[in-house]
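You will see chain A twice below: alongside chain B first, and alongside chain C after that.
On to the complex of A and B.
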């Protein structure tokens, strides 16, 4: 087990899509982009399960997975080895994800269509930060001083 | 974190990393503790006024000056408790005040329906992602048409939103929203700070709304039962003050001999008689669920079937009039002993009237306009002391209940043709 640093939260807000790699029982790999990896606690993350897809199927057969996250401010990348633990269909994590999906779904005409089936909870096995190469930039004005 | 010694290097790094995070948070906190002090000051300001607009203004000003949120909105629940209405905003042009949001629509609507805070830092990416999902569903024929996309007030290009339900105990008062065109503009500390101001704001808003309501209520209770006055204040689809047409039974009454009495008796005596009379009549009006439209000295106009609709307006009117006559007979006995000769005259008519708020800003009255009110007034004018005169329409409505005497056709002021009238003798 590994502990997630606070710093990784910046990469978990879904600004840049994350990627998840899983394997079917027969070893066939699958990589997919997902909108967000959610922080649960320092040892767990959650992925949303809205549709039955290869990721959902694979981790139920073969729980090990790799998540790749990017901090949208620094472009530092994070590799997370994770392992599917269990699916939650109620409780605070489920509610938080469900609420967010409901809010966005209503904005694109998918109210009631696009629903959270479960919050899939993964244990974090390891976490590695890959610092992005910093290319010195000319002085630029920091955009958006206001919030 | 096993016992293996080769693990200690990552562990140390981890600790250093955590320490770094703690230091950063402490620095943040030091900066924010000043803000917390200012927040305390704000909460004092908020609770020092009962003016709703002032409360909203103070909260939004604090959002910008203290917390640095340039775009903020307060939406309040309406009577239906299924929609929010934008009550105040800061940092928008136009302000958007008055815009509505249905519960369940967007971040704001979902925060209202779930009564939980929500922080989103990737609205653009999320919406783009779900649009893609929708397109795939449509392409695969798994979705036909689909629902409407909700349109909400606020920034068109908002990337970050932090929305907080304004709760007083478990009751939702509204939603406080801050937003930004920048992604991930808000963090956990912002949630905490917004939560503190939000709690105070919810209570202050609720108090101001209650105060506003009580003020209007005390005015409205002049005309309506307490339940009805509340219905009017909270508004809603069937606001009785909206002009409408309805068939009503109108009762006019006044005291015969009152003008002469008022001219000769001393004012205290006149007021005393009026007070007794109004108190007794008022009780009977409430009992029969009539609406007191107005009273002028000794005269009163009461109608039935609006705003509360009833099945038997004519029957109620007649029963009330008879009860009033009985009651006034007792009063008159007492007044006679004091040397005042007074008698009650009543006129009752039924027909369509236009009813609603009449007047001008600052002085609105609830009133009925139509032939029916004139007819009732004229019949009242014709009535001898102790007489209750009914129009033909009313007489036929209550035929089975009362004994009447045909008065023939009366020539009434304002009516081209003579009008048949019936004298109500007694209840059967």
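On to the complex of A and C.
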């Protein structure tokens, strides 16, 4: 079990979508974008379950998953190894996710498309801040001139 | 195999990611910086920075299974699942492809993000030197958020 650092919270605001990779029991990986990874406490995160999609099906047969998050201010990216623990269909975490989903859906013009079925709670197994991923911007010349 | 519309979205601007797994069925994520659909419409080559390629290549050489997700900023998204064929260092032609990808991406990000996010998000990610990874597409899935997400298209 790992502990999430405070600085990762900025990457959990839903400003930039996160990615999740899971794997079916037969060994087929699944890679998808999700709107947000939610902070539950320093050892747990939550993912929303709106549709019975492949991510949801996979973690119920193979609980390990990998979540990738990016901080919209520093652009530091993080890999979280997580393990599905349980699903909550009511309570404060469910309500908070429900409200967030509706807010994000409104912002992107998808209001009413998403109906939260459960807040899926995951244990955090490891936290890795990715290094050597960024390059300095001033060296980049875009078409039409350097910005 | 790969429908026209799916190939069109893959040509960008699109956000791209690769998912692989190890022998213990633990998933791994790699951000992708550009991709091309080959003329046979059955094979795809995508580009990953060398700095992030080790786990991906290790997984692919172990079991060959790859999931390749991509989506436009309008949330139209697809996922290709397939089998690893080969990898090699990128060429000048690949680099040109990546540069074109980045140019499209920053223009698209500027439609939805302020400049202080759009530019570093599109252009601040390491992309060269890179590895070109080619895989055979076995399945194509709709991934656009909604009740149809996960529908097999081909």
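To be clear about the criterion, the second predicted complex is superposed on the first by the 118 of 147 C-alpha atoms of A that agree within 3 Å, B and C clash if a C-alpha of one lies under 4 Å from a C-alpha of the other, contacts with A are read in each partner's own complex, and residues count from 1 in each chain.
In this section, a contact is a pair of C-beta atoms (placed from the backbone, for glycine too) under 8 Å apart; a residue touches a chain by one contact, two chains touch by 3 or more.
It should be emphasised that the depicted structure is a prediction, and the values quoted were computed from it without experimental measurement.
Contacts of A:15 after superposition: both chain B and chain C are touched.
In the superposed model, C is the one of chain B and chain C that contacts more residues of chain A. Residue contacts after overlaying the shared chain place A:36 against chain B, while chain C stays out of touching range.
Contacts of A:102 after superposition: chain B is touched, whereas chain C is not reached.
In the superposition on chain A, A:63 makes contact with neither chain B nor chain C. Once chain A of one complex is fitted onto chain A of the other, the partner contacts of A:27 are limited to chain C, with no touch recorded for chain B.
Within the superposed three-chain model, A:72 lies in touch with chain B and with chain C [touch as defined at top].
With both structures placed on the common chain, the touch criterion links A:114 to chain B and to chain C. Residues common to the contacts of chain A with chain B and with chain C across the two structures: 15-17, 72, 108, 110, 113-114, 147.
Taken together, the chain A residues at the contact with chain C in this complex read 15-17, 19-23, 25, 27-33, 51, 53-54, 62, 64-68, 70, 72, 75, 77, 79, 81, 108, 110, 113-114, 130, 132-137, 140, 142-143, 147. Within the complex, the chain B residues that touch chain A are 1, 14, 17-18, 20-21, 25, 68-70, 104-107, 109-111, 114, 116, 118, 120-123, 125-127, 129-131, 133-134, 137, 143, 146-150, 152, 159-160, 178, 180-186.
Looking at the complex, you find that chain A touches chain B at residues 1-3, 5-7, 10, 13-17, 35-36, 72-73, 95-96, 99-100, 102-114, 144, 146-147.
On the side of chain C, the complex with chain A involves touching residues 15, 17-21, 25-29, 31, 49, 51-52, 63, 65-69, 71, 75, 77, 79, 81, 103, 106, 117, 119-121, 123-127, 141, 143, 145-147, 149-150.
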